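Labels A, B, C and D are assigned to the chains in the order they are written; within every chain, residues are numbered from 1.
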Amino acid sequence: MSKLNIGIVGATGYTGVELLRLLAQHPHAQVQIITSRGEAGVHIADYFPSLRGVYDLRFQDPEHADLSQCDVVFFATPHGVAMRDAPALLEKGVKVVDLSADFRLQDVPTWEKWYGMPFTAQAALKQAVYGISELNRAQIQQAQLVANAGCYPTCVSLPLIPLLKNKVLQDGMPIISDCKSGVSGAGRKAAVGTLLCEAGDNFKAYGVAGHRHLPEIRQTIALFDEKLAEKFIFVPHLTPMIRGMHATTYVHVQDNINPHDLIADFYSGSPFVDVMPIGSTPETRSVRGANICRIAAQRAPEYTDNVWILMSVQDNLVKGAAGQAVQNMNLMCGLPETAGLSQVALLP
Amino acid sequence: MSKLNIGIVGATGYTGVELLRLLAQHPHAQVQIITSRGEAGVHIADYFPSLRGVYDLRFQDPEHADLSQCDVVFFATPHGVAMRDAPALLEKGVKVVDLSADFRLQDVPTWEKWYGMPFTAQAALKQAVYGISELNRAQIQQAQLVANAGCYPTCVSLPLIPLLKNKVLQDGMPIISDCKSGVSGAGRKAAVGTLLCEAGDNFKAYGVAGHRHLPEIRQTIALFDEKLAEKFIFVPHLTPMIRGMHATTYVHVQDNINPHDLIADFYSGSPFVDVMPIGSTPETRSVRGANICRIAAQRAPEYTDNVWILMSVQDNLVKGAAGQAVQNMNLMCGLPETAGLSQVALLP
Amino acid sequence: MSKLNIGIVGATGYTGVELLRLLAQHPHAQVQIITSRGEAGVHIADYFPSLRGVYDLRFQDPEHADLSQCDVVFFATPHGVAMRDAPALLEKGVKVVDLSADFRLQDVPTWEKWYGMPFTAQAALKQAVYGISELNRAQIQQAQLVANAGCYPTCVSLPLIPLLKNKVLQDGMPIISDCKSGVSGAGRKAAVGTLLCEAGDNFKAYGVAGHRHLPEIRQTIALFDEKLAEKFIFVPHLTPMIRGMHATTYVHVQDNINPHDLIADFYSGSPFVDVMPIGSTPETRSVRGANICRIAAQRAPEYTDNVWILMSVQDNLVKGAAGQAVQNMNLMCGLPETAGLSQVALLP
Amino acid sequence: MSKLNIGIVGATGYTGVELLRLLAQHPHAQVQIITSRGEAGVHIADYFPSLRGVYDLRFQDPEHADLSQCDVVFFATPHGVAMRDAPALLEKGVKVVDLSADFRLQDVPTWEKWYGMPFTAQAALKQAVYGISELNRAQIQQAQLVANAGCYPTCVSLPLIPLLKNKVLQDGMPIISDCKSGVSGAGRKAAVGTLLCEAGDNFKAYGVAGHRHLPEIRQTIALFDEKLAEKFIFVPHLTPMIRGMHATTYVHVQDNINPHDLIADFYSGSPFVDVMPIGSTPETRSVRGANICRIAAQRAPEYTDNVWILMSVQDNLVKGAAGQAVQNMNLMCGLPETAGLSQVALLP
């Protein structure tokens, strides 16, 4: 079986290097083209020393790279780029996994409000499938364009989806997701706020007045219950570590319902969602480098109402970004869902 | 003015060394006795190299140390010790600040349930004043025994107290406090779970099935509203940093009420509570080493009900422990509340 | 081809879990037995959550585990255990890779001096091959017992070996190796000194008055030059990170010799030693999780004599321990040297 | 006694905020003017939240700030600024402490070679005193302009000075200083290399081909022995922590000389240099936030020649920058050397 020919647009960031790490070990895919405007001509091994001896590739100028020869192109770019460049690739039959936010929101005015620019790829948007693999597995298998889900939306939605699908959440009560992310979620750009001396040994909330992942998560909730979507509250925090994301989500469940079992049942056939036994607490390091979302659920103690605490962890760069992108590629291309994704978490 | 003669029982832990750091610069207090069963005879400078040149003291065996000569004794011990040893000191007129949990809960069965041992100091408990300085300033000024509040209870209660006092929270709705602590909260004992290689670059919840600070915080809420106390949900998390605590507390507020202003008004005369302008997010490092609880409040965005997000940060070893203990000592001894507590936070 | 049947003695530490991570992806080996006295009966997934879904194994009591059925047994134990238990396995034809120090020093009195206990396995010692794979590749291929090299000795020796072999170091001048290790080198045992709050945000030397890896490195140098071995100075330091080791080694080289080229030539056929171009500086993270020792060399600037600075990095748990152990197993068993060791470093 | 009127030029960096922290508690000094081109008009509390409630100052545009009214002005700026602006202040009688490198090297061609720009303040240079307080205490007391020493030069020079002064180092043998710095040494500027995700959990050398502090340290050695200055080798490393610096310096000492005692004697009257007992190893955290250089010395074990390992630690932002600057100000202004510098190190 010949290998898929892969291109990566914008391979200088953390999701880019993570795609390269994962695809290096993929049995059915081979990266052929990587692009970067700023680093055109530079050898990947000079840019990312972790890839010395792994790839013999140089960054190409995106203006001149012939991405149409690829079977699959990943966009690991800021928003706005895939919207501009993906449609031409789609026309030529290339499959596209967009790791940016361009095709995540189906409602154009909402997208334009949160991303602050005009949306210009309506035709492509119509065919885009939202890329939480476990939510849309069947559609992704048929898709030519997948909008890889955001890191927070993946981590928050996975434990919620089985409860929403089973309609066991109480009407009118809040769904509160208090989320914590490692600093790599902010990307690999020069900025004061993510310096080691600023973000290290420090904890803070951010985006409290409104974060772009709020409408994305609400869109997923609304697939099941539009009213509950409006009851969703989301506060992200920055935690002083490189990788890892932890969502703590507080839900009001109908009487006599045990959400743990519903979640465990729902994901019994999903290789990358691991539901722990009752009484467990997941740790972010248990999934460091691995394409896994690990979930535990616990009823709020000493509390009269049936409130549950859903804890979900993932590596924000893997199941929250590049890993799920490869998982989606596998689905799109008819490969085994787990191909190239058997990395064991790095602990300690 | 002669200096207060200070004793510290159990000075080998993190709250002990922090008391020593703060009291070294106190204009009206001098540490005369430090005790430790395991380290009796050892010079403090050999134990804590940060104190070389600062103190010329050796640990004394608690059996032989004459703590009754002290004006004030701090217990920086595991629970059970102050309960056993403080009553004799109180009888001799010594003032006691207990940094352990022994005298924090006024309901003995509740204490015994959560701490798993019989409570044996009922007489002392009757005179104990709960030591959140800003909550009980007047009573602390008259107290001989102060039960220094826990770290989480201080951080969570401070933003809640003004709202409870003003009775502006909605009945029947949950108060959810999602808390994050640096690892020093777990103390300075040999344990696998708090090794750098276990707790570093990792984030997790703990005590989800029930944490001892839950009844302590509920006791404070119940001072104002017993029903709301039962609606309090608390989940602590461990974050990979040494010092610092962040509470994110979600409250349902009555219509047309702005909790930010109530909190700011309430603490206008409190030197160690800093309420930030609307739109701010406090950072734990902004109080590293300083006796400050810094608070911000933000209305939940895109939400129909009047839900507010209260963010409060403190150094868990200072305002969350040793700093508040000194603050309480100042109040008990008629000293200026700020004496010895003007350390500026260490940033970066 | 059937898979090798693997046993791991003492699989509860960091080298144990790292062996399990690496062997999970090994195409020709399968772990069948893991032992632990303290955790007998516990499922590996309950002990190391990173291994949930990867292995279905329980720790066995070492007294009852039938390790003689294994093809290869790894000892990931404190010193003293392999010395006691390996000889019986060797007699039954089992191949043994000892990750402890028991068989590293060929001189028994030296071993007894540094390890403080009697040495009792002289017969086994005679057949032990010292396990720096690149130093003793041919002998390891014939060996039944390999004494896997220490972490510092591997990192320090690899850049030195080509210079020693080529006899280009100046007589009588010191070889100074200033080494820095991540905290995982201290193992996974409850201890105050390696708590996050003690070892975090802190840097210090340790073992300055004498570290057990000093005689081990000198033994390797003495293979080439006994006098130079006595000129070797070694100071290890603890750096606040989980994994990673950096050796900075200062050597006096004979005039007109370029040690960079000698090192690069020597390792041209070694898949796990990467020599960077002149002017580079290796980073520990570039090998995080990968079985690579990455080396750079730089002439001391503005200096009259031909002094060179050799910089070498490795993941102390991989090329410094479990990865090299698997590499040695591959050599011992006639497998491709790289089998199961193609993990790409995790960056960031 | 009226307080000294202080100005700080370039107060937005880490040495700036550290000066502000230290001077807030200084009994004889008051900061009146802070300048920043980029942040003119911004309140210091909005820029550094750690200073909320500590200062009521706004950044002034350096073009319009009247620094000539100050008694002392600190330059916490990149090189080139003090060279341009200090001379006018000196003419008006203002005392200047320059924390940048402008006046550190007395040899102008050397300065121009290493700093890559023309040097234009020869007159001021003639009166500049090099500001290692313990080296030049008497001259600093008379100085109007002090060139505050670099962080590495302070940490490396302090243990060497007594040995150089006593002429006990062997001729012709190298002095090798292997240094490790926390990331704050790189300053508070947006840069990829010092992001938490790049510098965290990572260790590397840098500046191996030549670092600007090499000629600065050699200049100090040459005060005592010009030939030995040429034998000095210096390699700095970046260690994943915020504050702290550790120098490990290897020296060849003449027979029968014990450098530990020479160092201890030399600093017996120096309040900010602490020499530990033989057998100790200093930790960077033992001086976190404190104006102390802590030193230990150990003879190289198992070595025939009299080689000693000098270990010195400091907080790079305090004794390595702002603290020493205040110490120098105290000396220049006839204040007690320790005024305002009694902060106890923050441990943990």
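Please note the rule applied: contacts are C-beta pairs under 8 Å (C-beta built on N, C-alpha and C of every residue); 3 or more make two chains touch, one makes a residue touch a chain.
These figures come from a predicted structure and were not determined experimentally.
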(request) Give the chain pair, either A-C or A-B, that is connected by more C-beta contacts. (result) A-B
(request) Identify which chain pair among B-C, B-D or A-B reproduces the interface of C-D, meaning that over half of its contact pairs, matched by residue number, are the same. (result) A-B
(message) Based only on mean CA positions, could you tell me how far chain A sits from chain D in angstrom?
(response) 45
(request) Could you please state the distance in Å, as a whole number, between where the Cα atoms of chain A are centred and where those of chain B are centred? (result) 39
(message) Just the number, please: Cα centre separation of chain A and chain C in whole Å.
(response) 37
(request) Would you please write down the residue numbers of chain A that are in contact with two or more other chains? (result) 14, 184, 188, 197-198, 200-201, 240-243, 282-283, 285, 288, 348
(message) Show me the residue ranges of chain C that touch chain A in the complex, using the header's touch definition.
(response) 14, 17, 20-21, 24-25, 48-54, 184, 188, 201, 242-243, 274, 276, 282-283, 285-290, 292, 294, 317, 342-348
(message) If we count contacts the way the header does, which residues on chain A are in touch with chain B in the complex?
(response) 174, 176, 178, 180, 182, 197-198, 200-206, 208-210, 214-215, 230-231, 233, 235, 237, 239-244, 246, 248, 250, 252, 279, 281-285, 288, 298, 300-305, 307, 309, 311, 313, 348
(message) Which residues of chain D touch chain A once you look at their complex with the stated criterion?
(response) 14, 183-184, 188-192, 194-201, 240-242
